[in-house]
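Each chain carries a letter (A, B, C and D) given by its place in the written order, and its residues are counted from 1.
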Amino acid sequence: MIESLHEECGVFGIYDSEGAAESTFLGLYALQHRGQEGAGIVSTDGDRMYEHKGMGLVAHVFDEDSIARLEGKAAIGHNRYSTTGLPRVANIQPLLVDCRVGKLALAHNGNLVNARELRSQMEATGSIFNTTMDSEVILHLIARSKEETLDSMIVDAVQQLRGAFSVLLLTKDSLIAVRDPQSFRPLCMGVKGDATIITSESCALDIIGAEYVRDIEPGELVIVDERGIRSRKAFEPQQQAKCIFEFIYFSRPDSKVFGENVDKVRRKLGVVLAKNHPVDADIVISVPDSSNTSSLGFAQASGIPFEIGLIRNHYVGRTFIQPSQRLRDGTVRLKFNTVDGVLKGKRVVVVDDSIVRGSTMKKLVAMLRKAGAKEVHLRIASPPVKFPCFYGIDMPSRSELIASSTSVEGIRQYLGVESLEYLTIADLRSVVDDPDHFCNACFSGEYPIPMASGLNKSVFEDSAVA
Amino acid sequence: MIESLHEECGVFGIYDSEGAAESTFLGLYALQHRGQEGAGIVSTDGDRMYEHKGMGLVAHVFDEDSIARLEGKAAIGHNRYSTTGLPRVANIQPLLVDCRVGKLALAHNGNLVNARELRSQMEATGSIFNTTMDSEVILHLIARSKEETLDSMIVDAVQQLRGAFSVLLLTKDSLIAVRDPQSFRPLCMGVKGDATIITSESCALDIIGAEYVRDIEPGELVIVDERGIRSRKAFEPQQQAKCIFEFIYFSRPDSKVFGENVDKVRRKLGVVLAKNHPVDADIVISVPDSSNTSSLGFAQASGIPFEIGLIRNHYVGRTFIQPSQRLRDGTVRLKFNTVDGVLKGKRVVVVDDSIVRGSTMKKLVAMLRKAGAKEVHLRIASPPVKFPCFYGIDMPSRSELIASSTSVEGIRQYLGVESLEYLTIADLRSVVDDPDHFCNACFSGEYPIPMASGLNKSVFEDSAVA
Amino acid sequence: MIESLHEECGVFGIYDSEGAAESTFLGLYALQHRGQEGAGIVSTDGDRMYEHKGMGLVAHVFDEDSIARLEGKAAIGHNRYSTTGLPRVANIQPLLVDCRVGKLALAHNGNLVNARELRSQMEATGSIFNTTMDSEVILHLIARSKEETLDSMIVDAVQQLRGAFSVLLLTKDSLIAVRDPQSFRPLCMGVKGDATIITSESCALDIIGAEYVRDIEPGELVIVDERGIRSRKAFEPQQQAKCIFEFIYFSRPDSKVFGENVDKVRRKLGVVLAKNHPVDADIVISVPDSSNTSSLGFAQASGIPFEIGLIRNHYVGRTFIQPSQRLRDGTVRLKFNTVDGVLKGKRVVVVDDSIVRGSTMKKLVAMLRKAGAKEVHLRIASPPVKFPCFYGIDMPSRSELIASSTSVEGIRQYLGVESLEYLTIADLRSVVDDPDHFCNACFSGEYPIPMASGLNKSVFEDSAVA
Amino acid sequence: MIESLHEECGVFGIYDSEGAAESTFLGLYALQHRGQEGAGIVSTDGDRMYEHKGMGLVAHVFDEDSIARLEGKAAIGHNRYSTTGLPRVANIQPLLVDCRVGKLALAHNGNLVNARELRSQMEATGSIFNTTMDSEVILHLIARSKEETLDSMIVDAVQQLRGAFSVLLLTKDSLIAVRDPQSFRPLCMGVKGDATIITSESCALDIIGAEYVRDIEPGELVIVDERGIRSRKAFEPQQQAKCIFEFIYFSRPDSKVFGENVDKVRRKLGVVLAKNHPVDADIVISVPDSSNTSSLGFAQASGIPFEIGLIRNHYVGRTFIQPSQRLRDGTVRLKFNTVDGVLKGKRVVVVDDSIVRGSTMKKLVAMLRKAGAKEVHLRIASPPVKFPCFYGIDMPSRSELIASSTSVEGIRQYLGVESLEYLTIADLRSVVDDPDHFCNACFSGEYPIPMASGLNKSVFEDSAVA
């Protein structure tokens, strides 16, 4: 999409592999789209644990030296996009602590909705917290558990959590994964020779040449150690609430998540969009690269030719100079340019995956007009985003979501397009096999977990970092 | 393409504009694909000249502070990809020197074939050289000219040059452009309000909202100063030798170069490829992003559906960790991943723009097979590259060019594809309006300038930088 | 001294001062000699707390921007010299955590001898530890205290500690200091206008123009907040064990510590050395700068002229290139050079403050001989160091202390000097007013606190940082 | 001195030594006091030349890797303090160019007074200049010489120079030194095994264990190559003009320069000061470290005890935070602190080497008063500095030199001291063996070279570096 939504994190773990840290590095590199603020890896050689973290892209945080110093045959890693406070290395995962069970490292994807209460309760009885991350609560619950074995301590801990968690843990001699019973966030297992890998998306298996085996099941605890792989049900079966936005936008199209090929689902979004919201036009264009697949689906289903009408500058970095007022209007030009010969005099269908605030799309539409588009028809491969996410997607507040207060016709007028159509929630449900097991709260407001005390993300007051 | 060819440089100059340096920064940013090793800007406020250079991407070299210190209403900038010696800041352009005409800065795109002789002659008569760049020769020739006016000095200087040069010069009070009579490299002029811009590709005009006016003509000298824009013919008209590779690969599809839309020509390459080298297959895929446009042309002309079968990781940086031997086979996986659902069981046409060494394409083909492609048909939107370029493209030596010693059938077997077809030179000539005015030496070996003394690039012995 | 002993840390806190962070920066800068590995500052504006830390010298860690972002009128800071594990930012103080009392920051000088037990006990009952520092134990004890008010919680916590601790705490609205009852490490209070300052040495008061008021008393808890300054006795009076090495080497000569001018005591060390261990010689030289004051005392008491025979290179940095074997012999030359005209043909008395391993002194003696010294008489302004310190000085292990296994005559022969004399413990006791209240365990082996379980410093297994 | 004067540069060259670059690094490290802005080394292995340069201290610019890459058995290096324009790497020496004689590197200490004319003449006839340094002129003169051999070309070149130059040149196979006939700046030769070293001060010989052999003679050209060491007179003998300030302040006291031990001459300055400008006082203190030696001379000659009344913070870095207005008064406190016990109630003689602007000394005097000094008597170990230097010392302009417009009595009142005495020029002449061969222009205004066209330093207009 034109505007960015951010999810907190990709995770990757590997057990019993020479060069565990290098594989973890490559896995994080394949998962870079899930978080660009910082990255970290913790490894173990069975005796000592090793850690390296930093701000920025994976390829910037690690070099050959730092990877070589991450010794051992097991490792976990984490990509982070931060949503609270200023960026600080202390908030980069994996978190590595000492506690009753020895050294313990954690990497977490998802958001907990009762982190605030848990944290208050534990502070009241003597715990101290070093970060502003909800993830730290999980470590405290494990450390405080009265159970006797590590896996029982973990089960005891996670049963107190409410919200989304795809978690990897590393001890000196084991890799452990646990997933919330509603399985909001993806987590899958792969294998390469003797090595077991557990990670967010299958594209991270592909990059190291590992084979996809299966998803970690909802509520499942998996322990990988020298005795092999053991599984344990940490929760009773529940209705799942898999994040449909993983298909719409987050996951890479070459990944398999929630057991389905992202590409296949995303293609169907475009097909349904074309069938249910047709338009008479000359060409279909995408907003590269996120809506390429759904645009192609739209073009094939509608018979309108797919064209490349926008070029994306792939050198856009994270810390880009903010152009001065004089050039401000052109900010969207830093990221995209029009291919004028393609657009001139044409009735153009633009397919995008979603609209959040709408302001950037408005500028893009103006660019298309300037390039000579005769008509601009916008087709959105998801329903209007009206509600914030509490399970791991960093969305603007409700008041900033244009669709929460504006009708589709109002948005159409604001954007200045000839027509605007979204998918309906029913359309969306039609593209997945088990629609009742997906969360669509950001479209419907029907949250699968009742809110106890508001969004924890905004609750922990961060200390600023000067 | 899968493997990278590199051209030395993009240039951008602007005169009479508030925030000249910021515009130059944005222009270089749009031209980032023409050189990623380093970048520099020199500006003038009419009295002093200001300079900032650095290694790396444009967005890394400059920040708000460094741009703010580049005062004045005129500036030139340069993106560099270096081919000789170790990277060193001294080799980043623009070059800024003091000489008879005062301060003089130069940014050069192209390669001179008689730089070696000129340099030897000038050293013999007392000149000293600070860099290993052929571009420095141009400054010396200007400084040594016996002519009385700056424009005559420049004409005198460039008439001694043989080879490719699209050059920008900046003095305290003027912006000057000069282009070789064969016009190997692109150079065009734009306007925005009072400001005149001269740059390599029109995408650099778009990013600042300027309008394309015309190309700098072959052999033309253009001077922009407070008296306005003056033009002068520095050379008699000659047969031109415009680089056809700008259309095939280098230039951005949203640019206009040599007076034509790159997108339009590149599309035709795909169309001709489909018509003259047809194949019976299920899908057409590109090697993103460089062959997207020609693939689309191929798909539309052939009627075979265009699909997205490869995903490119856009976080690939310049200084990437070299994977260890264990993971070496998978290096191409760092850049691309397959979309298995798209490829499985399909007869796949892969369209790429060119093949240089062939080794990376071989790995890609293996990936496609592993993803389940039933057949792989490779279609190359250019003729076989058999000869090195001496006019500004950094190609491997002839012995490394697979097509210089291997037949098409031999390459097909090496790559392991069901079929392989290239465009012919005649095909290529058919897509441009004035085929006699293009250089196709890398395909035909017919060099438009006879070689005096070998390739100067490899001639200057570089001092190493510790 | 020629070889370096390192103490863990200098601390500085200030309350009710505009620009609290800038003053803290200057204070840490004046205390740089107490720790060069890293530095940090935490400040508070009464509502939020701000933090900045980094590896390296104070002037490197902070710049104007980072200081400006440390808002508020109260702050604490810390200089660290690390003794365990690899340097890592997580081990830089102040530690800043959330706990029952809200945000709490801690800066600690000294070493705890029962940290290992306390940590094990707390881990067993659910605490998690993020660092390898004994200091973290103090925060946990405070967070776990059942007391109701912050000052009672702190008293409850510190009463469980054994060892050396001069501690500063910062909350959103108060600055708190507490010192162990034996007062191993210095801690003093100063005033400047409305501001109250508490810091390790008075030189940190001088640099900001504050006036010395008094030492924090042994076992005293001081709370500074909007109600003013309150004091509370946290311990019953005990025999003190002030570190005599603060006078011998650590503290700056321009500081007042333990209520006495360092310069005055250090001078007396030289005077007693001259009187009790006289020698017939031509000149007295110091090993600059640490023995300048005692050398001057020796010269004045002996009547032998003080001369400058060694020049110290003050550009020696922390991360210095290790010379290759070829130049290895000359390592001491990187730090010192001889003034040959002063030394040639002379009988030289060298006064140094202490000898640890002896190997560097041996090289220095050789340099003096090469410069022409006819005789070299070494006079050491302290007794032989035979035992390690457990209260905050980072000494080599006992086996590396030359005096633990070698007689004075043996050391003399090893060093190759005409004579060698140390102060006796009785000499040492004669220079301070209250000798029974000083710790001289490193000379006598009489440790003021019986060892429970060995040295905690080496106990916490560190995770390595790649 | 309290305020800093800066000289442009230290140079070091070595021929026929394994690890030439490492030795050069150590030599530059010993010469760090002669320039802290940047440093560079060029080495040769007989075939290729290697270069590394950077901004900052020597120990910062080089690390083990960069030194290892500087291959070969000969090298030259340079420490720079820049006086014009913004710091830029292009202005760091050695300069390395290609010219008629092949690769040629130059390191220059001193200032040329006719660089402007030479540069203008050469620009007029076709030369281009890349830096704003007068040193570049020397390379151009060599490159343009019509002589046939390198040594004749160098003689031809330097005979056109007027001013101060101690120059080292490096070619692929030789190390060359040349010194101006008035020998303003020091340059000496040493030997270590087969290696020949030529450097600014003998302390750079000491650090690598080399032996001092002799000074390079006024006007001498020395060539060291595989045939051995050859010497040639480049100039007729002239009256020398050795810089007396090398003895007063610049050179290290452990060095031998101009054939004399700096320490010995500096001691005599203090002795003469005590004899000719006595005072009745209790103690003598220095401003560490620059006036330590002259203070000791004063103390011994006067019989007044030498004391340590000021402590210098040796962690002062180059890029120190500028304290805010609130703390501005205390800036001198960042560098020095008083030892109050020493000063209290005493009549204090402060010996310093020189006074430039006077403003910092005024603050120091105030600090001494605050520390309780009853009387402050200032004794300056040089005459009043009234005139700028054109031969390599970076002094403030004449209007900023307090003594150029203020009588000694006026300065005394401004500083607020009980008495102030300088050495006379006659005093100064009495301490050296051959006073007629020293330059004392900064005191007397009697410049040994008549000014042709003003100070070249300010003449080259620099381009700014953003």
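Please note the rule applied: contacts are C-beta pairs under 8 Å (C-beta built on N, C-alpha and C of every residue); 3 or more make two chains touch, one makes a residue touch a chain.
Bear in mind the structure is a predicted one, so any value in this text is a computation, not a measurement.
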item: Other chains in touch with both chain A and chain D; value: B, C
item: Chain at maximum distance from chain B, centres defined as averaged CA atoms; value: C
item: Same or different contact residues where chain C meets its copy chain A, judged by the half mark; value: same
item: Whole-Å gap separating chain C and chain D, where each centre is the average of the chain's CA atoms; value: 36
item: Distance from chain C to chain A - Cα centre to Cα centre, in angstrom; value: 48
item: Geometric centre distance via CA averages, chain C-chain B, whole Å; value: 60
item: Shared interface positions of chain C, touching two or more other chains; value: 67
item: Full enumeration of touching chain pairs; value: A-B, A-C, B-D, C-D
item: In the complex with chain B, residue positions of chain A that touch it; value: 18-19, 22-23, 25-26, 29-30, 32-33, 36, 57-60, 62-64, 67, 203, 206-209, 252-254, 261, 263-264, 288-289, 292-293, 296, 300, 305-308, 311, 313-317, 319-324, 326-327, 329-330, 333-334, 337-342
item: Touch list for chain A against partner chain C, complex; value: 21, 41-43, 48-52, 65-70, 89-90, 96-100, 103-104, 119, 123-130, 139-140, 143-145, 460-461, 463-466
